Each structure stands twice: as structure tokens, then as C-alpha cells.
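To keep things clear, I will list the structure first and then write my remarks on it.
First chain written, first letter: the chains are A, B, C and D, and each begins at residue 1.
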Amino acid sequence: MPYEIKGLNEECGVFGVFGSQEAAHMTYFGLHSLQHRGQEGAGIVSSDGIKLRQYRNRGLLSEVFANPQDLDRLEGTSAIGHVRYGTSGNNSISNVQPFLFHFHDGDVALAHNGNLTNAKSLKQKLEDEGAVFQSNSDTEILIHLIRQKQDLDFIDALKLSLNEVHGGFAFVILRKDQLIAALDPNGFRPLCIGRLSDGGYVVASETCALDMVGAEFVRDVLPGELVIIDENGLRIEHFTTDTELAICSMEYIYFARPDSIIHGVTVHNARKRMGKLLAKEQPVDCDMVIGVPNSSLSAASGFAEESGLPYEMGLIKNQYVARTFIQPTQELRERGVKMKLSAVRGVVEGKRVAIIDDSIVRGTTSMQIVRMLKEAGAKEVHMRIASPPLKFPCFYGIDISTRSELMAANYSIDEMCKMIGADSLGFLSVESLIEAIDIPDAGNAPNGGLTVAYFDGKYPTPLYDYEEGYLASLNKQHQREEKQQ
Amino acid sequence: MPYEIKGLNEECGVFGVFGSQEAAHMTYFGLHSLQHRGQEGAGIVSSDGIKLRQYRNRGLLSEVFANPQDLDRLEGTSAIGHVRYGTSGNNSISNVQPFLFHFHDGDVALAHNGNLTNAKSLKQKLEDEGAVFQSNSDTEILIHLIRQKQDLDFIDALKLSLNEVHGGFAFVILRKDQLIAALDPNGFRPLCIGRLSDGGYVVASETCALDMVGAEFVRDVLPGELVIIDENGLRIEHFTTDTELAICSMEYIYFARPDSIIHGVTVHNARKRMGKLLAKEQPVDCDMVIGVPNSSLSAASGFAEESGLPYEMGLIKNQYVARTFIQPTQELRERGVKMKLSAVRGVVEGKRVAIIDDSIVRGTTSMQIVRMLKEAGAKEVHMRIASPPLKFPCFYGIDISTRSELMAANYSIDEMCKMIGADSLGFLSVESLIEAIDIPDAGNAPNGGLTVAYFDGKYPTPLYDYEEGYLASLNKQHQREEKQQ
Amino acid sequence: MPYEIKGLNEECGVFGVFGSQEAAHMTYFGLHSLQHRGQEGAGIVSSDGIKLRQYRNRGLLSEVFANPQDLDRLEGTSAIGHVRYGTSGNNSISNVQPFLFHFHDGDVALAHNGNLTNAKSLKQKLEDEGAVFQSNSDTEILIHLIRQKQDLDFIDALKLSLNEVHGGFAFVILRKDQLIAALDPNGFRPLCIGRLSDGGYVVASETCALDMVGAEFVRDVLPGELVIIDENGLRIEHFTTDTELAICSMEYIYFARPDSIIHGVTVHNARKRMGKLLAKEQPVDCDMVIGVPNSSLSAASGFAEESGLPYEMGLIKNQYVARTFIQPTQELRERGVKMKLSAVRGVVEGKRVAIIDDSIVRGTTSMQIVRMLKEAGAKEVHMRIASPPLKFPCFYGIDISTRSELMAANYSIDEMCKMIGADSLGFLSVESLIEAIDIPDAGNAPNGGLTVAYFDGKYPTPLYDYEEGYLASLNKQHQREEKQQ
Amino acid sequence: MPYEIKGLNEECGVFGVFGSQEAAHMTYFGLHSLQHRGQEGAGIVSSDGIKLRQYRNRGLLSEVFANPQDLDRLEGTSAIGHVRYGTSGNNSISNVQPFLFHFHDGDVALAHNGNLTNAKSLKQKLEDEGAVFQSNSDTEILIHLIRQKQDLDFIDALKLSLNEVHGGFAFVILRKDQLIAALDPNGFRPLCIGRLSDGGYVVASETCALDMVGAEFVRDVLPGELVIIDENGLRIEHFTTDTELAICSMEYIYFARPDSIIHGVTVHNARKRMGKLLAKEQPVDCDMVIGVPNSSLSAASGFAEESGLPYEMGLIKNQYVARTFIQPTQELRERGVKMKLSAVRGVVEGKRVAIIDDSIVRGTTSMQIVRMLKEAGAKEVHMRIASPPLKFPCFYGIDISTRSELMAANYSIDEMCKMIGADSLGFLSVESLIEAIDIPDAGNAPNGGLTVAYFDGKYPTPLYDYEEGYLASLNKQHQREEKQQ
């Protein structure tokens, strides 16, 4: 997609269903509502109690299943599905999930949202022992760990294996007669359980998928839990009790759909509170508040409400943004962002505007938005970001690329403001972020049960294979900061 | 598109450019921003000063020009383009515009937004005189009328011909060395002129297309005007002086993009004022105001502002709505609208909600929205429509189908409220609609220069070929109304 | 198709059926067997007795009807279809046939194989009278001529119109309740009638289409005939009696399928006789005879039989030749022909070879074939062409391009032999060609009922619009020939 | 492909190149000439000396690489490629080769033509030791065997592993700086080496691929050999010396392209000799000989030559046979074979015909051909098969399905003749088959270096995992044969 204007990318969405007459179709619709979590590939594996069947390909869900027959062939009453984000160099069909493995003693399919921090060393160790990997995906590691434990039954082998992998993971696993879901000990990624009216169960990355398929919310999967669904119903076991909630705060800030409810918090409401607290911390003297559609509209409305300023639609999003290979040439150059967003001249002309965005990654979109608003006649453009400055990478399942690309890791807020061309720039504090989200059942977990390491660099777990690279990047920053002083 | 939830369909968008080094590419980007006016087909014709070249097909613009070579082949410094809405039975490639005609004395290409009210009788007369039509489109009629006047030069023949057709029309016409635009005597459809920084000109259905390609707004095309652009620059002539502005009010209510400015009125601002006046006329005692995304968000924010109620994001639109042939079966049935819209439980649960929509056509979407909000826990759902009840068809270029399908033409507001399942239902008055739009240069034109016939049945022109059918349908309504009394 | 190795292109194949329960499907299979007559586009129009329905697009038949629904939608018991060859500049969807015209007094669809020699002047005259053409096709002219005669009934108007057009034409015309076929007064193109076992009728360009759909051959359509099929059965009328058979000899030489029978002559048998007579006229002292697959295999076997030499498979054709956009680069250049043909080293190595081809157009393929055989070890390569030298263009429906491209129009046989790199080169005489084909019912028609103007420049009709250009080209040749002397 | 009329399917074609500036493009063209060995999938892996890149998908080569960019991205100077035949249930993208494995100590890609007879037990053993397989392909087994031998260098590990697999295999293996080819100890499948003019090397399943890319034939790969190509050039090693040539006779009979030369024998010439010997063994008193195009034309010409009968083109093959999903309905049913083949009435009418085919698998095609010839007027149809009756399955890489489907395994020749509807039926003897092929360097190898087990059931190796099933099927046949007596 040549006109990609966002630098943050979710790694995936997962969905599973057990005990539904139309499992594959239900999975299709569940994945449809999780499409925002990954647009590069999609797949479904179904089970009819005897055999597992698979279909997957690159592209949007509707592109992958352009031919209804490909879905119809996925017979059975249980299924798992996956939507995937993939970095460009990595966008091979081999990496599209769910993975399906045929063993002489039974098929197993897996799908995964997250990132393992010890994947590289586990993979190297397994390879040295003779293992063969076909994909670049972390997901394949788990099946190798399980298969190494031939003397144990599947669930026991799985539990042991889940203790060998580190990082963030939400797995859904399908066997011919069993659906299993597992969440890492910190619950980095969201995962929830729903119940169908006819007694079947679904698991999904977000509650919006439950709503889509008409499932009633049962509860969130908690850190360290193993959800096992079979003909005897649903039972919850633990593969570890050494757990502490540290869910990714970016889910609330940017990734999750506003109608999803994660750990009791409606995402839209959390964003609106971020906007309100941002208005308190970083007030603006201006004529109106506008949000960057669609992800920042909640925060913008909160900002407007708190500051008593009118909330206006000064930017609109083109609803027909498609993948296009037509490149704007010559005088049309640099109009990329105009394919996606437009400033409403009749709203912003002659006005002092507060523009609310959810985050700044590389800063290029922010620059284009400010310029677009000024070209449309805005007298002043004050940018307010409803989250703290993104300075550190995520190792638990978000693609915040390398630190060298993160604007806030390399420039001060003043420098950023000048580069972006805004009249002022302000961010939300980490404290206010935590206050805005306010997970009710976080207990004594640090940071209210949230991971905020992208902002403060304090990761809730060891970084394993990433430790060295992280420290090196940190070192560079210190050198840079010292130079600045 | 199986999950179509809207009953109003714009008939087209047009774009033209003269004097740009990359005319076809510019037209592509201009059409991109007009995609909301038609998604069933698209095409571009370019001229290199000698020869006209064409490419068109069914589908979205990005689908039609999936292969960049098809655009690259459209050489030249002038071009016209078209995006098309087509009724299903009519969706043949023959009807995709622009039409290109090769004559021994020079090629002519035409694209058209609108509907001719005397098309049928003109066509029959022309056929009886030996004319051969290949498409079902009104557009083809104009070229036949022009060609009948062989002894006149093209512009004179065009002027005479434009006086023979009636109804709503915005034509763009390309000849090897000339770009022409023409607007009907009532200016039913929007059409504007822009200027490129290098001296070239563009014409477009909406100003958002000027913004897209970096053209400066010059002015709206006025009723009865003929805009002629060639190597000598731009000149404006008239094919009639018997004009009176009666632009389609639905452009402001629903069709046009909120950032477009039509006759001096920013569409978003007009919608916001509709919301404000609606709040005055049809106040609601409730906890919050929500809008149906995306077209009703402007009106909803106005309603909220005027009524002092919080404006909340209680419905969100799925940004990945794609054409899909996957049908939800059995227990998934009736979830169609959920593919497009979701209620935010965390916002509406336990709340009394005012939901603002721009219009009610057949009523099916309204029913689904009310049910969706109630399923998400809304205590009360009060529907407010930011336009008057749609009772009469449009004959000037909008597909409001037949009267038999218009809910408001067949039921009273009370009946509609019950059918929809809302706790109350209210519409904007025609007077307030006119006040909200408030075209500054409308002069003494009736209804402030707007067509409001969809609401009051008073058409600003004779209906020609439609007269009989219209009267018959009216008659049926009277009988129905008499029965009710 | 980058690797096109042939310079002759048939202009089309037509098929029609009346009175079959599955008319569109039958037309599909009929067209399948006529695919060799045109690969650039295909279409079908069906009639259910009330309404005509159309589907057409660019590409091979199987590509056009990739989606079975597009065929299933063509309901009705009668249909016509067309496969089309189109020159590259001309390959617009507008030119893909059959053309369907909707008139207020009834729909008409037409498909056409041939070329009108007075198309340009007719078109200009019609345009000057106000006619509007959408395609570049001659076919459209006929419908305009018919529609000009509003006071006559359709058949009468058609008969008059067929007398106004000149050149080669085989028309099939579908009306809601009637199928009509018409052949030009010289019968330049083949057209035949078949009968279905259930009483329905088919018309087709070649008898191979009758075999495909299980129709029994009735008879060839004769020059000047009008075949009218409706609910009363089949009747044959004449639009002129001034007729004289002059069927295109290239149909027998190259275009038609070897299993087709045209005017009583099986095409394969005619080709074999051409090979035999060629062996008599142009004998070769060599070790074996090979043919260029597939079109020259018949002639090659005749040549071998007559000369008592072994007939060997020294060249084979790749059965998986597909349109490809992959270009061979650098060291792979000039291997184009190898995608289509391969020399069998084990057959030709060390041998003196007679290679039989059906014709030489531009000579490029011949060069490549000779080189390929020599690279595979052939000691001598003697080329024999089973038709006379192609020196003059066709104006009746074959694309033999301009004279400037015809090798034999510009070089002597000796020059050609050197350019091609062959050890000797010989052609069949016109007399032997006529003797080989030997149409039984040709009567007193000149040249045994054949057009041989491509070889001797003596056209059986005036050339109308082409006259001037033809004479100019002839003049050039004379100048060249004089220079040579 | 609904109209598949052949029951024998080759399992694959392989190609590899080292030291060419356009390795991936060359591989594309090499695979193009091997397309007849597999049409269900294709792929290429290239190496730029550092990294291996892959592209593969289902479909014909030209479909897989429809977008030239997908080929252009495969940078580097070495590459391997594969065309694949896949049984329908097995046609997953996971099974399309080459397989590419990324290891922390280097990437490896493999492609394979053949079938392993101990795959199932090896796979089960490996799985019990923890191995994870993603495909159903035998190919994956080899990489697992290699990776188990971590203490050995790659070539040593490969040699040991090649001794653990049994059956028929021709492997091409690509590492970042090395191309390796290996052939099983019986040389069941063909594999040859070619040299490029610039010093690079290619390996390919057949010599026709060398001709295509302009490589000079070096020699066939011999049983048990390992060909290693790297920057030091080409060297040949052996992984076993316990070898004995037993190349699949079906390669000569049906699979290989007629222009390929395998072990010194041109395939066309071998087929022609089969035809000659068939004429001696099974003479026919008739008017002409015709062959089933294209695979049986060589044998037919030999038959004609030997018997002194005219060789005629009584059947022609439609060159535009495409995958189609259009089904002939009602009266068009059973016309499937007519899409592919047509009888030439003008040739066979009233004649006594000897029709030569290469083999009979299920017999359905033979029935249709006989019926087609008789419908075209043939007075007598004598079928002669240029190979012995196919009675036993192949376990070394051909898909001759199960024995239950082989007509000759279940019926006597007389029964077959009646079922097919022929006037007589005769087969070539095994002795004559061997005499016809006559591999010059076969030495003392049994059956002249050929596998003829499909005819006599005497397999040159143990059958390992297939032993039990084979014996059971044999038993059934004995019971049947006893019943018949």
C-alpha cells in the first residue's frame, strides 16, 4: 500500500469456535470484525471431528475468501482463524496462519497473536537438535516444543512448552476434537471468551468479534490461563501461576476497536478519558478541537468536552481508500496523504485549531496533517497527542519498528514541534494514561496492569534475545542526549 | 454488494482537466475523491491534441485501473473522467462512461451526471429518424442531437442541443483540443471550476476533487452556463438565459463530501446547522446524542451542540467493509448491518440515546440500527432525521427508486416510528432545511435555490416522460391517505 | 502476446442457434471450436423470446466466461456468438461483438465475420446525416443502414441494406424471435447450416462447430443468401442474385480447422493435395520431410507421400504456450520462437531436411525456423511453401497487414531464400493451389470459385475505399521492380 | 480441469541453474519447456549469494508468474525451479515446491521429482522423534534427515540421508553458494546437465529445457550420483555405488517431450520404433493409420511406415483447450472429449482405420475416441497401443492411481476391446518395448536399463511401505483371474 500513513502495526487477530453448525462461516465473520488487527493475510482451519482442513492466503479476508467455495469446503463444527499483519520482507504465503500440521497421530492447527522474546534462541536450539522450520513465524516454535515431548499427553506437553516460550502470546489451537486458547503470564495481548446461544463457545482477540457473531461475553482470558473446550464443555487450567497483568497500553491507545471491552474497560471510553486528561495537562487556547479520523475521534471528543471548546469535523477520511498501484507523478507528488484524509476548508479556515492524534511514530503523517490544515486556511495548528511520547520498541507483539525510526526517541518535543510545523505540541503523561484506562481488576499490578514500556523503557520481563540490541540502541540515545546538553 | 444498507444512490461524478502534463493521472486522483458519487464503474478519456484514448470498466476506480499501464496509455494534456452508479439490471460495460465517439471529422467524448426527463421521447424520436443507440444511458442522446446539426459548428450545435434536453445534467465533453462543461438551467447537480498552478484548468462535480489535485477554486458553474476551455484559456458562454437555481438539496443532506463547498456553503457546516435546527424543532430528553457514521456525524454534532447534550461515539463504522460473496447462514442471518456498523456497548448501555441519521429511505437500516442499539443495552432510542420525510422520487439524477419503496410515502411518522422500533421519531422541516443550507447567492430563487421536491412533491420543472407515472403514483397515495382517514 | 510468430490473422468466427433449450451454452461450445478464428475477444447474446441479453469481453472464450454465472444469465432458446481477432490499436471493449442494440421497437444483435470495402465512405455519409458510431467496427454500419429504412419491415430493410455494403461478410443477426444469417455475393467467408436432433438449427463459420454441438450438417450458405430461422422453421431467401463464388483461398491454406468441410472440401485433404502438388512442382533431394506444426502438417504429409520421402516429426509445438508478460532478457533474447516450437535434434541432426510451411508473411518466423533446425544439426534446410507467394493484401476479412510488410511483395524468391537462410525455397503455383482445393460445385466461377488475389492482385470486386491506397502501393512495387532490373 | 482425458500424470519437473546473470528468468524459461511434467503448481527459489528468495503458487507457470515483478524480485545468479502435478485432495499451496527452509546457519531450498517408497515409515519415525512436517510432500523428509546430522558438513549429511530414502528421486537443492543435484540409485527419473556459453551450469529433468535456455548438453546424471556446482565449477560425487539403471519406461512411452534425449535416446525416435515393432507384432488390415495427438503421433508414423499404410490426420487436437468451469448440460453432455479432440470426417469416412495410442489407463478416453471415429463414418476402428498393458502401479513417481482403476489389471484384452467398442485391439510386447528404446549405455542392467514393472509386476527394488498394499491388490487379481478360468 504505497500511501501507508501509519507507522504502528498490530501483529494479528485470532478467533476460534467450538460447537457451531457453521464454524468456518462464523470464523469468517469473527475475523471480519478483527480485520483492523491485520490486513496482510488471513486463514481458517476447520475440524469436522476427524480431519482438519485449511484455507489461507495473502490479502484482506474478503480477498482471501473471494470464492465462497473456499469457505464452504471448510466443513465441521469447530474452527480457528487468523488475520495477519506482515512486514513487507516477510510477506510470504508460508507465514500466513493458522498453521496446520499433519501428524500420523493427529492433526494440529495453531494461530498466534504476539511476539516471543526468546524465539531466536529457541529456534536455534531446536534447529541444532534437527528441527526444520518452514516459516519465519514464532508460532511454529510452539509445535516443535510440544512434539519434543512425545511421552506426555498433548495438554501436558503444551503446558510445559508454554513455560519454555517467553514474551507476549495469545494462542488458539485446534485439534480434531478440541479447541484450546492460551495467554502469556503477563496477558500482553487481549483474549476473551464468548458463549453462543446454542451452547458453543468462541474465543477472540476482542469482544467486537463476539458481538459480530452474536456470542455473549463470558470473561477475559487471564494471564497464564489455558482454556480447553471440547465435547465436555469449557474448562480453564493454568500453565503457570507466576503471573502479573501487564496488558499492552497501545491496545487501548490505538489498536483495539473502540467498541471492544478489554478487562472491563470500553476502549472508546478510555480514549475519551485520555482526551480529557490531555486537555487538563496540555490545554490549548484556540477556536476548535478536531481529531484525526478514525482512531483519534474518541480522544478529540474528550479533549473538546473537557476544554469546553467546540468539537469539529475539520478532517475527514476518504472511505474509498484502496490499494492502488497508480503513482502520482510530478505536480501530484506528496499528495499521498490526500488519498486518505481531507481538510474541511469551510471548518478550519481562519481558525486556531487543536488537532488531536493518538500517537506520533515517525512523524511523517503529523507533518502532512499540519500542512494540510494550514493549506486549508487554519491560522494556528496545535497538535496534542493522547498518549506519551513513543521512545522504546515493543517486544510483545506490536511492530513499532526500530528505535531509530521513532521520532520521540531521537528528538526533543520542541524539535518535534518544529519538524512537524505545528504551533505547539503536547503529549499525555504516563500517569494520566494509566488513570484514563483504569483497569478495574488490575489489583496490585504495576502501572495499573498496563505495559507502558514504550514510553519509559521499563519492560515488565527480561528481553532475552532482544536484550543486547535494546541496550545498544539505548546507548546510542544516551550519547545523543549527552551531545544535546 | 449484498449488505447494502443505503437506499439512496448518486448517479455519478465527473471530472475534466485541460492543459496539464499528466492529465490522465490527475483525472484518476480527481475521480478518487469523487468515488463516493459512484462505485459501479469508472473511466477516463484523454486527448493528446490529435487522438482521444479511452479506458473504462466496471468496479471501483482502483479496480478499473488495477494495472498502471492502462492509465499510462492515456496520453495527452487533457482528459475527462467519470465514476458511475448503476442499478443492477443496468450494469453493463456499455453504460460505463465517458463515452467516446470516433467521427471522420473528429472524436468526441462525453461524461454526464444527472437524469434527463425527456430522454425516452427524444430517444424514440431519434430512433424513428434512424438513430442507433448502444447504451441505455441518457448521455448518448446529446451526441445524436449534436450530430443532427451538421451545418452548425460544434459549439452552436451543442448549445441548440442542450436546449432540447430537459432535466438535470452536468456534462463534461472532450474534443481533441477543447474541454467543455455544461450545466442544466436549474443547476440541479453541482459543478465547479478550478485552476492549476501551471495555468491549466479543471472542472469537477465537487470541490473536494480540486483540493485533491491541488487546484485553486475559481467558481461554481452556474445554471445554463457553458464553460469552454482551449488553448486560448477559459471562457464562459450561455446556452440559455432562462435559468433559476434549484440545486438538489440531497447533495447537502447526504451525497456530497462534507469538505466540499457548493455554492459557497461547506457541506459539513450545512449538515451541522441541520442538526442544530433539528434539535430546536424535535428536542429529545435523553442522555446523549450519537450519529450514524459517517454521513450523519456532522448533523449529530450540531444536534448535540444545540441541545447541550454530550455527543458520543455510540456507533462505529467498520473501515474494512468490502464486497463479499460470503453469505451468513443460519444463526448468522440478519447480521448484515453488523458487517458495516457496530454499537459501542460501553457507551450506550443503560442510556437514553438520540440517534441522528440523515434520511430514511426504505427504513430497513433504521430498524437494524435501533435493534443494534437496544441489543447493546440502550434504554431508550430516539431517532431524529436531519431532513424532511422523503416522499417523492427524484427525476434529476438521484436514484430514490420508486415511491412504493419510500417508507415516508406510504406510512405516517407514527407508523414509521413503530415499524422502526424507536421510542420516538422526528424529522427536520422543509423550512429549517432551507434555512440550514442558506445558499448566499440564491437571490430570489424559490426555496433558497434548492430543490425540495422529494419532500413536498413540487417539482421546479415539468416532468415530461415521467409526468404520467408520477401522477399515477400520486393517485395511489391519495387513495391510501383517504383510506387512512 | 509477445511471442506471436504468425503474421496472418483471421478476423472472426460466428455462431448462431435457434430453438435449443440451452442456446447460450451451445453457443459457448460452438465458439470454443471456432476459437482459432479469433482470440482477442468473445461474446454471446441470447434471446428468451422477449428480451436480448449480452455478455462479452476481451480475451479467450474461457477467460471471458471464467465465471459460469455470466453464461447462466444468458437465458433463452436462441443465441448468437462471436470470437474476434483485433489489431492491437483496436482492441477496445467497444469493438467486441456481438453488438446489441436496444430500440424502443425491439432489440437487435449482430455479429460479423468479414470486411466491408466501402465502410469508410458509408460511415462518412451516415455520419454526415447525423449517425453516431461507438465502435470502429464495420458491423455497426449495417444496423444504421437498416434503421434508416423505418418504413420497411426488418427483412426488407435488411435486404436493401445488404445491397449497400460491399466486400466480404458473413452476418448473424438475432432478434427476439428470429435468427438471420447472410453471406456476401461472392461468399468470401465460409458459413454453414446445421440441424439439431430436437429440431433446432445452428449456423456457424465452420462445420467443426456443428460437430462440436452434435448438429447435422445441412448445407453451406451460398453467396447472396439470407437464412431466416424462426418458429416456422428455416427458409432461405436472396438479397441479390448477382453472385459468383470467390471464397477466400486462405481459409483452405491456413485459417480453417483441418476437420472442417467447406463447399464439400475437407480442409485437411485440400492441404494434403497442396503438399503433393508442391512436391511435384518443387521437388527436393533430401532425407526427410517435416512440417511446421500444426497448420502445415497436412501439407507436409502430402509432400512426403508424393515424393516418397520419410515424413518426420522434426519440429514439435509446445502445448503450453500461454500469454506471458515475462520477457527473456540478455542472453535469452531471440528465444521467443522457442517458447512455441522446438527442433528435434535426434531427428534432424546430420540430415538434409525439407521443411513445409503453409505461407510466408513477413518472413521472421521462417528465419527462426531455419536457424532452429540448423542449430539442431540439420545439414541442409530446404523450405517449401504450400501456397503461392503472398504479394497483395486482402480486403475481404483477413488481416494481411499492409503490402510493405509482405516479404514476397518486396523481394524476389532468391532474395527471400537468402534472407531466410534456407538452402532452397519454393512455392506452390496458383494453378496447383486451385487444383488442390477443387471445389466441386464451383461451376464456372473463375479460379475454381476461389479468391487468389493475394497472389495475383486480381480482385474479384471493385475495391471501393481501398482502391486508391492499393494502386499507390502497386505503383511503389513497380518502381522497385524496375530498379531491380 | 473437468475434461481431463488422460489418467497418467507425471509428478514433476525440476530445473536448476548456477552462475547466470539472470538465473530466475532462465529458470522460468527452463520450466516453461518442462510444463508438460506438471501443471498444478510452480515455483522458483533464487540465491544472490547471501539470501534465498522464493515465489510459488498453484497453477500453470504463466499464471503463477502473471506479474513480472514476482519474477524480477528473485534476484541472484543461481536458482532452482519446479513444476508440479498434484492430486486433487493434495493441491494445497503448502505442497508447491521448491520448499525453502531458513536455518540460522543458512537457507536451503529443495525441489523433487519422484516418489519415496519408505516415506511413510521415515516420516512416522521422524515425527516420533519430534519432527514437524508442514506439507504432505516426500521432499520435506530429506531436509529432516539432513538436519539430524548436525555434526556433519552439509554434503556428508546429504550423502548419508540419500542412503536412508528409497524409491525414485531426482533432487535439486539450492544453498546460498551451491547448487546440488542427486539421482536415486536406479535412476528412475531423468536428469541431465547442461553448460551455458558463459560458463554457468544448468540441471534439468529433460534436455528440452537445455535447448530452451541455450545450454549445451553435457551428460545425463547417472544413478547414485551427486552433482555439486559452486564457484569452483562442477564436480560429480557418489552417495552410493550400489546402483543399477532402471529408468521409468513410461518416460519414453508417454511423459517426456519427443525432442528430449534421455540416456542417448531421442524420445520421438524410440516412440517411432515402438510403432514399427507394434506394426510387426499386431498388424492390421486397413486403409490408414492415425495417431491420437499429440503424444501418439510418433508411434503412429512408425506404425504406418512399417506397415506400408498411409499415415493420415484423422484426429486433430484443439489448440485452445483451456481450463473451463462451463459445464455442458443436457443435450451437450458427454461431449467433453470433443473439447480436446475432433475426428476429421473427410479423412476417416468409409475407411477402415488403425488408431494408435500410447497407452490405456482407465479406458474411458479410448471408448470416446472409438465412438468419435465411428460417428465420423469410420467403417472399422482397430486400436493398437504402442506399449504393453498397464497392470501394475508405479511407486517411483508416476501417478498410475490404484490398480482397481487400471483397465488392463481387471480385464482381458478381449474384454477391453469389447468395452472400448473397437474392432480389434492389440498391445506391444514388453520385449519389443525394450528393443524399441534400446538405451546404448544400459550395460548389463536388466530390461535394457528400464523399469517395466507396470507391465510385469516385477519391481526392481523392495516396495517398503507399499509392499503390503501391493500384495493385497495382487491377491485380489489372482482371485479374479481364477474366477475367470
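The criterion applied here is as follows: a residue touches a chain if its C-beta (ideal position, glycine included) is under 8 Å from a C-beta of that chain, and two chains touch if they have at least 3 such contacts.
Just so it is clear, the model here is predicted, and its values are computed rather than measured.
Participant: Any chains in contact with both chain B and chain C?
Facilitator: none
Participant: Going by C-alpha centroids, which chain is farthest from chain B? Tell me that one.
Facilitator: For chain B, the chain whose C-alpha mean is farthest off is D.
Participant: Could you grab the centroid distance between chain A and chain D? Build each centroid from C-alpha atoms only and quote it in angstrom.
Facilitator: Centre separation, chain A to chain D: 48 Å.
Participant: Roughly how many whole angstrom separate the Cα centroids of chain B and chain D?
Facilitator: Each chain's C-alpha centroid was found; their separation is 60 Å.
Participant: Between chain C and chain D, tell me the centre distance in angstrom, where each centre is the average of that chain's C-alpha atoms.
Facilitator: That gives a centre separation of 37 Å.
Participant: If a residue has to touch 2 or more other chains to count, which residues of chain B qualify?
Facilitator: Not one residue of chain B touches more than one other chain, so the list is empty.
Participant: Could you pull out which chain B residues touch chain A in their complex?
Facilitator: Touching chain A from chain B are residues 20-22, 25-26, 28-29, 32-33, 35-36, 39, 60-63, 65-68, 71, 196-198, 208, 211-214, 257-259, 261, 265-269, 294, 297-298, 301, 305, 310-313, 316-320, 322-332, 335, 338-339, 342-347, 376.
Participant: Tell me, which parts of chain A touch chain D in their complex?
Facilitator: Result: residues 54, 56-57, 92-94, 99-105, 120, 123-124, 127-136, 140, 143-144, 147-148, 150 of chain A touch chain D.
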